[in-house]
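Note that the chains are named A, B, C and D in the order they appear, and that numbering of residues resets to 1 at the start of each chain.
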Amino acid sequence: MTLLDIENLTVSFPQHDGVVQAVRGVSLRVAAGESVGIVGESGSGKSVTCMAALRLLREPPSRIAADRLELGGIDVLRAGRAHLTAVRGRVAAMVFQDPMTAFDPVFSIGHQIVETIRAHRDLSKSAATVEAAALLARVEIKHPDAILNSYPHQLSGGMLQRAMIAMALSSRPQILFADEPTTALDVTIQAQILHLIKQLQAELGMALIMVTHDLGVVAETVDRVVVMYGGRVMETAPVQDIFDAPLHPYTQALMASMPGRTPGKQRLVEIAGASPNPANPPTGCPFHPRCAVADAHCAAEAPAFRALSDTRAAACWRLA
Amino acid sequence: MTPALELKNLSKTYQLRQSGGFFARSTDHLAVNNVSLTLPRNQILGLVGESGSGKTTTGMMAMRLVEPSAGQILVGGTDITALGHAALKPYRRKMQVVFQDSYSALDPMMTLAQIVAEPLHIHGLGTGAEQTEQALDMLVKTGLDHSYGNRYPHELSGGQRQRVAIARALILHPTVLVADEPTSALDVSVKAQIINLLLDLQAEMGLSILFISHDLSVVRSLTDKVAVMFQGRIVEEATTETIFTDARHPYTRSLLDAIPVLNPRDRRARTFLTRAQIEAATPRLSGQDGRPELLDIAPGHRLEAIR
Amino acid sequence: MSDTPRSPLYFAWRRFADNKAALVAGAILLLIILMAIFAPLIAKTGYADQKFLTQAYAFPQAEFWFGVDDLGRDFFTRIVYGARVSLTIGFTAAAFSLVIGIPLGAIAGYYGGRADWCVMRLIELFSVVPPLLAAMLLGALTNGGFLTIVLIAALFGWVQVCLLVRAQVKAIAQKEFVRAAQALGATPGYIIRRHLIPNAISPIIVGFVLAIPLAMMLEASLSFLGIGVPPPTPSWGQMINVGMNFMYFYWHLAVFPTAALAITVLATTLFGDGLRDALDPTLKGR
Amino acid sequence: MIRYILGRLASILLTFTVVSVIVFLMMHAVPGGPFDGNDMPVNDAVKAKLNASLGLDQPLYVQYFKYMWGVLHFDFGIPFQSPGETVLDLLARAWPPSLILGGAGVLIGAPLGILLGMAAALRRNTWIDYLASAFATLGLTIPVFVISMALIMVFAVWLNWLPASGWGKPNAWVLPIIAYAAIPMATYARYTRSAMLDVLNKPFVTVLRAKGLSERRIIFQHVLRNAALPMVTVFLPMFIGTATGSIFVEAMFRVPGLGAYFVSSIELRDYSLEMALILMITMMFCLAYLISDIIYALLNPRIRFGERK
């Protein structure tokens, strides 16, 4: 069953001088229980795609268009407000990058989890509180009752991220979006949080969309990878294939430039140039100015995203 | 040969004041606790640890940007800990700093040429025209052509801004560079460029770099030696290879264990230690009780352990 | 990336040009300033000439655009010269506000700690004293006059400038380019001069422009109460006070100075607000 | 929390002391004493005796402490313009009109302003926003006496609906209350708009939406509660500022309130009344700020519970 079905999504932000196209024709399907990593650098459109899927961008100024945008069979693009609030949290929940700013500072953690539970289920306050404590225990928080009564500023980033995950899971969503959930955390905490997300995903049978810039996070957590660059999907493949045999020149370059692959102080393989400026993107394929194998065709026309096998697809003229 | 930079028993205590003027309570917080480090000439020393471990404070004390509460800082063998503003100025030329956030590191109101020439300006070296010329040469050296001279920081990408910051740091030909997480705010595809630039310039200009980072993968590709900080103390120090293959301290090991795998094939179960568990697992060299100390356990390998 | 390098102030200007209300307000303000500068060319008589005693209280007509006042003076002339007084006081007081506010704000923001505490207590002092009452007391003690009003207005106008500069300097002082300059051995004076003040230019401009209407209002209020600019120097506040007495019979004596004051203050404020909106985003550092 | 309040108390006390010293010194800097006027010829010996009986021959700091000691017992002396009563009696008589009109102005203006500001923030960049912002700018920039003048011209002179003055009849209160309400309304409209927009742009609001909360709950529970934090702190000082009487509104509408006495005390050089007025209003402002700080601390968990250890 397809849970998330995006076809030809574009998201644009009108600016002072012209329109910034943050997402340019992205298609993405995620089935129930699947775990997908969306990898990209800043400005690749990976976060905007997820925010658009839940209609969390402010419209206006942003403008969303798509041939299809469905979550759990509900047309998110045309859904009314009431419909959207039913989808959010219940069909799809989201964990954000910076846990320190993700909680309302004037309410206790418990209040914020309880209100989430009660927004979707007809439970009494005390029943919801019991459930909230159970959720906190589930994300391996030692003293759930103490944490319920704490305010966000009293907790560490790692603890808050756990609480955020508990809150996201409170209405048993079918799909969890995790938008750079560990970027703001230390390495050791990152490992714990990734482990926790993976474990919960397996236990609850949720689909997972892990948005990250870090190939290591992808290698740790997901089954399938979507590589984005300049607002487009460059390549998608099962995670092992991406690491063993990347096909798209961008994915290849990215793999080659990862630091720490071989021991010893040494120069790395670098990708020349800078990532495209969303306000003024290059013509044709967004990667062509930095691509080693690009030719005039690549500069003139953007390659279509096409299937290369049952499980793999890419957007590159060289792979046609 | 005297080392480029030596830190001897550096400590920093912060007084944390809570809001409320007159009657504010203040508590002491020991951010850096008795840290000694030696940065040999022409080497890159990695200083790693999690946020709050005191690594940045240590780097800032080495630069005399934060005043140490105790200890000494030696640059090329000279003690600069107590030097006043004027006496310190000649030594300022020998040590420079590059920060993590390249956006906030460049004055938005100044052109790139002005930014890179600023060190010459502050030290009164050369005429205005000479300063600009040198600045443009330095920009070229870091990979930005002459046309960038009259641009403003907001027109650049993150990687380009970091190049400018490096150009400014190196224009005085310092012997010591403190680099505080210079690659962690950069895009993945640009990170390698900046690491290579640092490696090239280090070899070309004979620099010694104190490289502060939480990214162990970068540290592995860039450094000769690594010191690991935990709760304000150095718990282990050794050559990069030794740290990555033969770490002895439980904290170092938990750090290394937490690095994400480089290939999905290597996924593994991990055990996570709490701070208390790490403290409790402090290595014991002879099975006796006592206070942990930083001990030499092999040539160039220091370890915090109970003797 | 555009081909010609653009300074951050260029983008501020572009944003300002987009703000229609602020542009119109700026144009009106410019018109009033020009009127004030060239008052002798526009007005038909001197501001104190009682040439039309026989036509005193005359209503607006072709010959006297705004009518004639109770003492037989052309009221249009009075209003135009009133702009001179109002604007001069506004600009001078705003300039004095900068003279006090910039250094105090910069010191409080850069050094923080004890210096900041002292400046903040000083500001608290001014926030608990009702400004108009204190101004009246001061005005009464010193018998009013032009310079006194300027000084009183500056005394209460600097607080806003100081707070704006302090906040900006505090934000900038944390930036790493300031640390980089410190690492190069730059003196605090150099850093304040070369980095902090140029980066605080936006709050300084905004503070200056927004201090002008405050000073103009204070002058009008004091003159209205009869302890401001002494007659026969024309002041809108004073004219409103006089006009109030004839309100039921000769409306023009009350309406024109009221409108003149309202339009000027409003134009200046809208212009200042526009500047603030245009300058803020760049200098907050994205 | 207790330390925070003690700290604020100390700083407010310091401020009040400094203000009282400055005002006291200013009063004494005025050339001539109360018996130097031409209309009260007194010979030098008598003057010295009178000065001695009033304690005016003592060192300045002794006079200051004596005066402040009196103030602590609500003894502000005798007003020269009405020697039959104490300053306190006069204040008790003159304050109620100001309190009624000003208080009503704030209590009507502030809620209206909050509604206006909320509407502007929630309908950002629509005509509602522009209209509310224009209203707020007008209210803040046009001097009160201009507003009063306009009200009188329109409603009393041209339309003749309401009287322009006359304290006795309640329908005479309408126009001054509107004039009083203008500033609180404009201030709150502006404040609410910017505070709400500030909160609406915080990341946690996106999180609240992602959780599936209704927009109404997000706005009324979370956004308003956060925006209220800065908004409650301006209320009391504004109330004091308005309820102690506007010189202009009272002059325009001929209300026998505090403001009117302030003008007369300056015109008549009635320094004991003037000093009492400034000290009283300053003291009320100090108290207002102190209470606001305490309310802020109570509403803000960061201060209520302290930082993380």
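Methods note: a residue touches a chain if its C-beta (ideal position, glycine included) is under 8 Å from a C-beta of that chain, and two chains touch if they have at least 3 such contacts.
In this text, all values refer to a predicted model and were calculated from it rather than measured experimentally.
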item	value
Path length in steps (a step moves to a chain that is touched) from chain A to chain C	1
Chain separated most widely from chain B, comparing mean CA positions	D
Between chain B and chain D, centroid-to-centroid distance (C-alpha), Å	54
For chain B paired with chain C, centre-to-centre distance based on mean C-alpha positions, whole Å	49
Intercentroid distance (Cα basis), chain D paired with chain C, Å	23
Multi-partner residues of chain C (each touching 2 or more other chains)	1
In chain A, residues with contacts to at least two other chains	277
Residues of chain B whose C-beta touches two or more other chains	21
Chain A residues touching chain C - in the complex, by the definition given at the top	16, 277, 280
Residue ranges of chain B in contact with chain A within the complex	44, 50-51, 157-160, 187-193, 195-196, 199-200, 214-218, 220-224, 240-241, 244-245, 254-255, 257-267, 270, 272
Chain C residues within the chain A interface of the complex	1, 14-15, 18
Touch list for chain A against partner chain D, complex	51, 54, 56, 81-82, 85-90, 93-94, 96, 98, 101-108, 115-116, 119-120, 151, 153-156, 164, 167-168, 171
Residues on chain D engaged by chain C in the complex (per definition of touch)	11-12, 14-16, 18-19, 23, 26, 29-30, 137-138, 140-143, 145-146, 149-150, 152-153, 157, 237, 241, 244, 247-248, 251-252, 262-263, 266, 269, 274, 277-278, 281-282, 285-286, 289
